[in-house]
Every structure is written in structure tokens, then in C-alpha cells.
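Multiple structures follow.
Next come two complexes built around subunit A: one with subunit B, the other with subunit C.
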Partner chain A sequence: MTLIGVPGRSGVIAVARRLAGHLARGLVMILVVTTISFLIIRNIPGDPMAAKYEKLVEQGMSPEAAQQAVNVLYGFMPTGSMWEQYLDYMKGLARFDLGQSLNVPGTGVGTVLMSAAKWTLIPVLAGTLLSFLVGIILGVYAAIKRQSKVGDLLAISGSLLHGLPQYVLALLLAAIFTTLIPILPAGGTADIMFEPGFNAGYIGSLIQHATLPVVTYALSSYGGWILAMKSSVVTVLGDDFILAAELRGMKRSIIFRYIARNAILPLFTILALSLGMLFGGAIFIERIFNYPGLGLMLIDSITGRDYALMGGAFLLITVAIIIANIAADLLYTVIDPRVRSGGEAA
Partner chain B sequence: MTATTIMPEARSASATLRRNFWRGVWRVMKRKPSRMAGVVIMAGFAFMGVFGPMFYPEHLPRDTSALYAPPSWAHPFGTDFEGTDVLALVITGSRYVLLTGLVTAVITVVLGAGIGLFAGFRRGRWDSVLMRITDMKLTIPGLPLMLVLSTIWKFTSAIEMGLVLGLLGWGGVARAVRSQTLSLRERGFVEAARGLGLSTPHIIGRELLPSMAPYIAMNMLIAVTGAVYAQVGLFFLGVLPFEANNWGVMLNLAVFGGGALTTTAALPYLLAPLLAILLLTLGIVLVVDAMDEIFNPRLREE
Partner chain C sequence: MSVTSDKRAPGVRISDLSVVYRTGAGELPAVRGVDLELEPGTITGVVGESGSGKSTLALSMLNAVQPPGRIRSGSVEIDGLGDVVTLGGDDLRKTRGRHVGYVFQAAQNSLNPLKTVGKQLLDLGRSHDVDDLPGLVKEARSLLDRMGLDGARVLDSYQHELSGGMRQRVGIMLALVLNAHVVVLDEPTTALDMITQATILRIIREVHEERGLTTLVITHDLGVVAEIADRLAVMYGGRLVEQGPTREVLGAPKHPYTQGLLQAIPRLVGDIDEARALPGRPPTLGTIPPDGCVFRERCAVRMDVCETGEPPVLTIGPRVVACHTAAGDGEQKETVTTGPTRGEEQA
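Up next is the complex of A and B:
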């Protein structure tokens, strides 16, 4: 027997066992993803690695030095058997060495990724939290008023926005606010006339440029939140304890708090999952608004044949999702006592 | 003797059932005119994809005196950067888009339903192995994977594109079909069939599949929208070479070639394919909504 929110000893053991299982599974997933990434980079037609190696030898470099140079670029030696190359690549990854960027010479892939990550993380985080808050509040309202026109309209708005692909929304918003009524900038992170730093002009310009990306992201994820919250609230409304509370003549405001608190629990798991999309969730938005985040970097690295950078961006995006999946499942274990007790209560 | 007397009765009973079914379909359609509109829209797109390109010559005429012409009677959505009629581009491009959607939907549903049924019916080791693989597929994000994949395989033809999207997209259907199978196989009628010693193919084909068919059909339609979004998005991002004209290529050229996000001239060129996508989505959503009510008696508001 454990109190809600305070896991007992058996609960802790169950959580630990689940954690170990998840970590093992996560490691296997990461292994699979890195292998996919290696195989793709190795099998790119035209063999960019061999081409680079031969070019360096032609330029008068000794074969060993050329091998070293290519190894630094891609993270593995261009010669030797497939297995040796694979082990090389994995060893490099274990040291967080992702190779060198081709198009930003002399810079490690990791450094390039980190400088792009902030342009993805901050807008997507802002968009996620904004849509989460608005979606939750309107979701409760839509569930309570589900027999009325307002509730219907809210649910329809949710389904519509949820169904639309991100680029359709982004293009429509861009067409309206940058072409038809040009009140917002079409792309970039800030106007170049402002000195980057902590001054009002630059920050204002940053916010102005981030508005459309953030709003697009928020609108495209809002639909999912309102629909999930509405169905969660409707489920809770049918629970016995709500009926009991009503029969006991409790105040509406207290019942409302009961409902909201129970209905929001499953939403936190979805929030954890959606945080996994922080790195890779805005590819279309970044391309359309020319916002220099990880998504735009992934596309640029593909069109610019910077394959080491491409592999790094792909790994970062996928590993974030794998970690978020594990976190979401653990969170679910912690907040739902039925899962936590590992089935012994059932 | 008995066989001959029973047969016609059985046939007439099933005929009545079928007639009742179609009457039910008609009733559901009539109650909300929007559903009728959905069917009309979908039929219109099917017609456009099959016969549309036949109305145009293989190389669309260019009017070099009217680049980015504004909408007019001759060009309802204006012209593109070469003076080609945008409406003609949308119509001729629809075949590629819809064919890809169809291929994807078929692969998604066949693989998804097959794997889901097999895993759910067999249970045990096969089930856990298949579901582990499904989980893995669902975890790896599709768009980045396709972008990276595009470097080693230029899957530009409609069939190849459909193949890639289908092979990457069956995870969700497999999961859902498996859980339905798990719950159905405990039901009385399946247990009865097993008790009668009927073969596994018979139980799966005649007992399980029919009760899941509507659900699978709806998933197929939803897979079409997913495939349309994904392929248009891939071409829009411009990582695949443009071989044939389609909506994604149009969007890419309008935004990154024509500057539709900075000048109004190319705006109709951008909006026409977007409108086509929205209309197709609307049609499919309305039809799925109607199907939901036809096959799910609990939703019927009678």
C-alpha cells in the first residue's frame, strides 16, 4: 500500500527495474540509428570519402596523411574493411567525435550543431509551451461545453489544425503576414542593422523574427493538445468519483479542480514525448522562414554534400526522441500508481 | 433436398442485408450534406488523377509574354515563371500525387494489417519481436530519416516514392490492428470458430478480418492524406531531383524560385497547390467521418 505521489519501497524497485529495461532498449535503439547513419554515409553514390582521399593524394599528400585527413572529416578511415570502418565510426561517436564539417572548414560537427541548436530549441520550446497552455485550457472548456456550438467549434478547430501539415500552415501564415500584409519579416533571426548583444533593438528584432516561427509551431501543435485534453476530460467526467462528488453536493469549482487534476495527468506524458521533437520538429518552419536551426542545417548539409554534418544532425534529432520516449514512459510510471506497482495490485 | 430449399433463403437474406446496408449508407449521407460533398470531392480528385492529364498535351504550352500573370479567365490561377497555366500544372501534377498516395496506402495497409494480425493472433515470441520492431520504427522520426535516405536513393518516381512512404509508415496500423486482434480473439465467435476446429486462415480471413475491415479501410484513406503531405513536403524541401511535375515541385518553385513569400506576383502559383491539398484533405476527412458513422452503430444519432 502506498500513498499517492509517494512511491513505497516496492514502487521504487519497480521503477528502477523499468528504468534499467528502458535504458537497455534505448541503447539498442541508439545503436540501430547510428548503424543506419553509418550505412547511409558509407553508401552515398560517388563515394565522397574516396573522392576526397584521392584528391588529397593527387595534391601531393602522402597516403597516410590523406587517410588521416579524411578520417578527421568523416569520423572513420576510408580504407580497410567495412567492419573496421564501422568500429572506427562507433569509437569516434563514443568520444562524441562526429567528424569535421565540410562547409564550415576547420570546425567540428559538434560545434556547428550546438550553434544551430539554440535557434531550434528556444522557438520550438516557446511554441510547445504556448500551445500546451492554450490547448489545455480550451480543451477543458470544449469538453464541458461539448453539447453546445462553442464546444463543437473548438473541437473542429482542433481537428483542422491537427490535420494540416506544418508547411501548409507556415506557407499560409507567411503568405498573409509577409506578402499580403507585410508586417512581419520573411526570414532570418534578426535585422543585420542591429548589433548582436543585449540591447533593445536587437532583442526587439529577435522577437519580431521569431514571431511567425513560434506562432506557426504553436498553431500546428495546438490541435493535438485540445483534442487530447478534451477526450481526457470527457473520460474523467464519466468516472464514478465525479458522480459521487456531485451527489454529495460539492461545489462546482471543487469538482472542476478534481476533473482538471485527473485529466491532465496523461497529458504530461504526451508533453514529455513532444519535448523529444524539440530538435527535429521544425524542419519545414525553419526552411520556410529561413531560420538557421537544426532542421535547416540538416537540409543544407544534404544539398551541400556535407555528409558528416548530416549524420550528426540526424543522430542528434533521433537520440533526443529516444531519450524523450524513455522519459515519458518513466514519467508515466511515476504519476500513475497502477503502472508503478508493477501489476501487483491487479 | 434440404440444401436446395435453404440456399435461396440464405441468398435472399444476404441480399436484404446488403440492401439494408446501402440504405443505411444513404441515410447517413443524407443527414449531413457535407458528407455528400466529401464523396463528390474525392470522386472529383480521382477523375482528375486518372483523366486530367489526358486533356493536356505532354508539354504544356508556355506563354512567354505572360510570366506570373495574375488570375484571369484564361488562367484562373495565373501562370508560373515560364508562363505555363497554373491550373493545368495542378491538374497534370495530381496524377503523381494521387498515385503515390494509392501505392503508399496499399503497402501501409497490407503490411500493417498483415503484421498486426499475425502478431496478435500468434502472440508469444513472434508477437514480441514484431512489436519491438514496430516500436523502433515508430520512434525513428520519418521526415529526417527520409531526408537522409534521399542522399543514397533518389526515390523520385511515383511508385518508388509510394514504396518508401509505405515501408516507413506501417507501424501505426500494425499496432492498432494487433490490439484489435488481441481483443477480438477472446470473443465468443472466434472461440466458437476455434472450437469447431476451423483452420487459422479461415478464422483470420472470415472471422477476424471482416470485423476489422471498416477500420482498416478508414486507415487506408488516412494513409493517403499522410502520403500526400509527406511527398509534397519532400519535394517542397527540394532534396529530391524534380523529374515530373507535381504539387510539391510547384510549391518549391513558387517559394524558393518565385519568391512568393516576398512578392505578390507568385502568390497564386503558391496558393493553387495548397488549395488542392486542403480540398483533398477536406474530402477525405468528410468521407472518413461518414464511414465512421456507417460502421460504428454507437455513433448513430437516431
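Up next is the complex of A and C:
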């Protein structure tokens, strides 16, 4: 007899089936996004490739060489039928070849994306996890103390922050901490006076520069967590099995774990969604704080008509959302046996 | 009456118990002035319509009335434990489960959906400092086996993998597995088919006799009481209106409400033409009359005195009945004085 909740054989199959479903949906999403990117790049008014080609010819390049250079830049032949171009583009993508960046000449889009991605990914993840943890703990507290002033205050703080648009919050924070009381830097990832590497000065400067974006991400999602967790806990507190556990004389700590685990469950779905939203929000936040992540890069690529980079950024954001969804779903599956068994009750 | 000789079976004395719920119209009593003695080793059945206060009474046995309710006055004395109403904190928690087993009315949903039955059993054992956890698992498995289940498999299952009847039996197992000697079962067979119901009642009776328990069974089904209870108490509008040995009460009911209940059941009356439903509806918290007899709205034999006069509680041999019509049949119990307010002690 095993008392450990290891998913049985049928459980593993159910998990695999869900994962396959996610991957299939993800692949479709990627196809759609890349196709749209291709169509934008190919059909944008004032054809950027033709413009580039003419510019190169003007600079004295031979038409063949100029053609070659443009091909390299965009990852597909601007000649031939639309369909052939599309296939070329997709073949490039399948080899993880996203083309060349215009803004940063001589650098692959992939490289540019990767160097920008970490400045978005890490602050967004740090901010979200921070607010998730704080929001959940305070949400439980607000639920337990819902009859008292403390509980009311917590819920009100949650509603206020939840109602405040993220960019307004960012502007407020920027105004307060970089202008009114200028204790935090107004842009960049670290002071250039520090040698990048594993040294206290550089790391301190990194943290200082990341503070405003991270705090913005955290504060703007915290309200949602506290409200969602509070209502989830209140629901679970009213569930029969909690009273039943009390009537059996279960220890408070054990009952608390029962409540927490059941209440947190629906929040994983929201976590996945909110990560996606935050990546979208990063465009405004990074603009406001002048923080060189994906968002700022995307804005630069739009103003600089760097369509390959734009396409790559869309693709990356899509992939990030898909991964966040899969991660949330797997977590859900690990915690909730009802999902794991795929509904085949005995 | 059975096994009264078993020394382990504790007696339970509920005295002048009143429980109120806070509502928009103030605190209203759901249980009022209830006196009930559970003799050691007996099964007592409590019957009454929905809303008559049965579950509230049952929860009081564990001092577990939920807010916005509280025990306003009275006591629940259990031999060896003292007055449960005055217990609090860890003492109260350890009493629950360990000394008083409780089968919850909604036993269908009494399990944490995220953990197997076995893991919750271990949580229960740890909560009560059981050293021999393998022994506990063995005991649980054998209880489940007796109730016609595959014990090992059930312990390995999650709630959603069990049928309603299986969950009910798991609830009963969890109430018995720690060897509690007072067991409270709130509607243990509601929502079960007749055969499962019969099986479960048989097992309750068997385990009760084997272990020498003192058992309280709450039900709205007179058939269940007839089958299993030694003594019967009838509740109406938060009051105990009649109690006595099951056979005597069912055979010759003295209270007009008990008489009405019995007449409403064709199979107990014998002749289907004589079956008559009680007219009217049972009162709710807000419509229970504050004085006079709670049953008078539906009573066929009410008198003027019933409007204002509290029915006298008369003891006639082993039977107790609270009705003006019974006056003169027996000796009146001395007037009960309301005990001190104990609301502050509620957890």
C-alpha cells in the first residue's frame, strides 16, 4: 500500500495528454504570430527591403551584392512568389535564424533579443513572484481577519492598487523617486563606472537600477493577488471539509495547510495570464524608466523600422506566454488530483 | 436497553441548553432549554423536521456551534471530560475526534479534495499524537473492510474517486478510528439508497455494541430511529417536545406533534387511508413564537393556555413530554432557571 500521492500510470498519461495539447496549441499560436510578422515585414508601406536595397545601391554596391545583403538581413529572398518567400522565412525560423537586425548592424536578431530579454524577464519575474508571495500571505490574513479593521484596510489597499493603471503607477514612482526625492537612477541597467561582473559595486548598481521597474511590476499586480487570494480563502473557509476537519480535532497548522493549498489552486491560472499581461505592460514601463529590456527594444525597432527585430520580439513574447501557461498548468496538475486523474473516477 | 454495564461507555448530560444565531432581527434561538441525557452504552435518536435545530444540538456536543451562532446557556457534561461548553483551545480540540467522534451532516464533502484518504488519516493521527501510525492505518483498513469496502484501495483514493455512499462510510471510519466512546452521527444515511442505508445502520449498531459506545443519531427519518435507537427524542422549533424509549414513544406517542409525525407515515400507521400529512410548515428561526407552545400553529388540540403558557415538562416514568394536554398525567419537572451566559467562552 502506498500512501503517497504519486500519480498512477493513468495519471502520467493524462499529464502527457495535457502537455501535448498545450504544445499543439502553442505551435499554432507561433505559426499565427510568425505569419503575421512575415506579412507585416513584406507588406509594410514604403517597403523597408526595397528602401534598404536602393540605399545600398546608392552607396555604390552592385545590384547583385545589394540583393545578397538584403537577403541576409531579412532571412528570405525578396524575389520569387510570395509563397516561396514565406517558405524561406519559415525555414529560417525552423533553424532559429530570425534574420539580421537593422538597428544593430551585423548582429543576428536572436542575439539582440537575448541580450534585451534578460532585462525584461528577470525584473518581471522578480516583481511578479514578490507580489505573488506577499499578496498571497496578506490575502490569507485579510480573509481570516475579514471582520476586523486590519482586514478591511488590506482589502482596500488591494482594490486601490488594483484599480490604478500600471503606467500611472510607473509615472508616479518615477516622478517621486527620480525627481522629487532623487534617490534612484532614472535609466539604464547599471552605472558605467562599475566593471560588469561579480562585484559588489556592480551588483548593487544593478539592483538600484532594477528597483523601480521591479517595484512597479510588484505593486501593480499585488492588489490583484490579495483580492483573489482573499476571496479564494473565504470560499474555502466555507467549505464543508474545513468544518469537518475541525470537528475531527485536526491541528490548526494542518487545517491551515488544507486551506492554503485549496485556496491557492485557482490562482495559478491567474499567474500565467498575469505574466503574459506583464510582458505586454513592460513596453510602457521600460519606456517610462528608460530601462533597456524587450519593451524598449521593441519601441526602438518600430521607430527604426527594424522589422526582423520586431518579428523576433513578437515571437519571443508569444513563446514566453506559452511557457508560462504550460508551467502554470503543470503546477496545477501536480497539486490537484482531480485534474491529474483526467476525470476518470472510480 | 443494551450494554449499560460497559464501564467504558460514558454518560452525557445536556442541561438547559440554548443556542442562538445572530440574524438581522437580533439573536434568535435555534435550540432552547434542551434537557437530554444519553445513558452510557445506549443509542439515542433525535428526530425532527428540517430546521428544528438537530444539527445545532449535535454541534453543541463538541462545543462547535459556528458563528454567527453561539451557545447562550446550558451545559454538556460528558463523563471523564466535564462540561464541554466550558472547554476551549487545545483541550477542546483534543476532545474532538479523540473522545467524541462526529459524523458530519455533509459527510459527502467532509474530505480535503487534494489529499488521499490515507494521508488525511495520518494527519488525523498526528493531530492526536498517535504514536503507532501503522496501527492506525490497519485499524482504518479493517473498519472500511467491515463496511463492505476495499479498505486498502479506499485509503489510496481521493474524494472524487469515491461514491457518495463510500464517502459516508469513510466519514464514519474517521469518527471511529481514534476509538472515541461518544459518537455523534448527523444524518448518517441521508442520500443513500435503502440497501446501503441498511448496511450502514447495521454496522453502526454492531460497532456501538462491540465497543460499548454512547451514540447520538440525528435524523429526520423515523424509520432509521425505529431500527437503531434505544431512546428517542423529538425536536420541534428548537425544543425537545417528547422523549422516551423508542418503542413506547412510537407505539403510544403522547405529544400531538409526535402523533402527527407518525400519522403522516403510511407504513407505520398500517392503513394508507389513515396517513395524514401534518398541516402547515415547520417554523424557521424568525417565526418560532417567543412564548407559549412552539407547535400551537399546527396543533389540532391546542387550548387557550397554549398561546401564552410555556408547556409544562412532565416526566412520566421513563418518558418526558412537554404539552399542556399531558398535564395531570405525570409529575412536573421543577421550573428550569436559565443558567449564566456563557457566550464569552465560545471560540
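The rule is short, and it goes like this: the second predicted complex is superposed on the first by the 303 of 346 C-alpha atoms of A that agree within 3 Å, B and C clash if a C-alpha of one lies under 4 Å from a C-alpha of the other, contacts with A are read in each partner's own complex, and residues count from 1 in each chain.
Heads up, the rule we're going with is that a residue touches a chain if its C-beta (ideal position, glycine included) is under 8 Å from a C-beta of that chain, and two chains touch if they have at least 3 such contacts.
Remember, it's a predicted structure, so these values are computed and weren't measured experimentally.
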For this session: For A:Y258, select first, second, both or neither according to whether it touches subunit B, subunit C, the two together, or no partner.
Result: second
Problem set entry | Partner contacting more residues of subunit A (subunit B vs subunit C) | B
For this session: Check the residue A:I40 against both partner chains and state whether it touches subunit B (first), subunit C (second), both, or neither.
Result: first
For this session: Quick one: classify A:A50 as touching subunit B (first), subunit C (second), both or neither.
Result: neither
Exercise. Regarding the shared-chain residue A:A24, is it in contact with subunit B (first), subunit C (second), both, or neither?
Worked result: neither
Exercise. In the superposed arrangement, which partner chain does A:P165 touch: subunit B (first), subunit C (second), both, or neither?
Worked result: first
Exercise. Which holds for A:D239: it touches subunit B only (first), subunit C only (second), both, or neither?
Worked result: second
For this session: Figure out whether A:T179 sits in contact with subunit B (first) or subunit C (second), or with both, or with neither.
Result: first
Exercise. What residues on subunit A does subunit C touch that subunit B touches too?
Worked result: none
For this session: Using the touch rule from the top, collect the residues of subunit C that touch subunit A in their complex.
Result: 59, 62, 64, 66, 93-98, 102, 104, 106-107, 109-116, 118-119, 122-124, 126-128, 137, 152, 155-158, 160-162, 171, 174-175
For this session: Spell out the part of subunit A that touches subunit C in their complex, as residue ranges.
Result: 1-3, 5, 239-241, 243-252, 254, 258, 261-262, 265, 335-338, 341, 345-346
Seminar exercise, completed: In the complex, the residues of subunit A that touch subunit B are 29, 32-33, 36-37, 40, 43-45, 159, 163-165, 167-168, 171-172, 174-175, 178-180, 186-187, 277, 280, 283-284, 287-288, 298-299, 302-303, 307, 310-311, 313-314, 317-318, 321-322, 325
Problem set entry | subunit A contact footprint on subunit B (complex, rising order) | 136, 139-141, 143-145, 147-152, 225, 229, 232-233, 236-239, 251, 255, 260-264, 267, 270-271, 274, 277-278, 281, 285
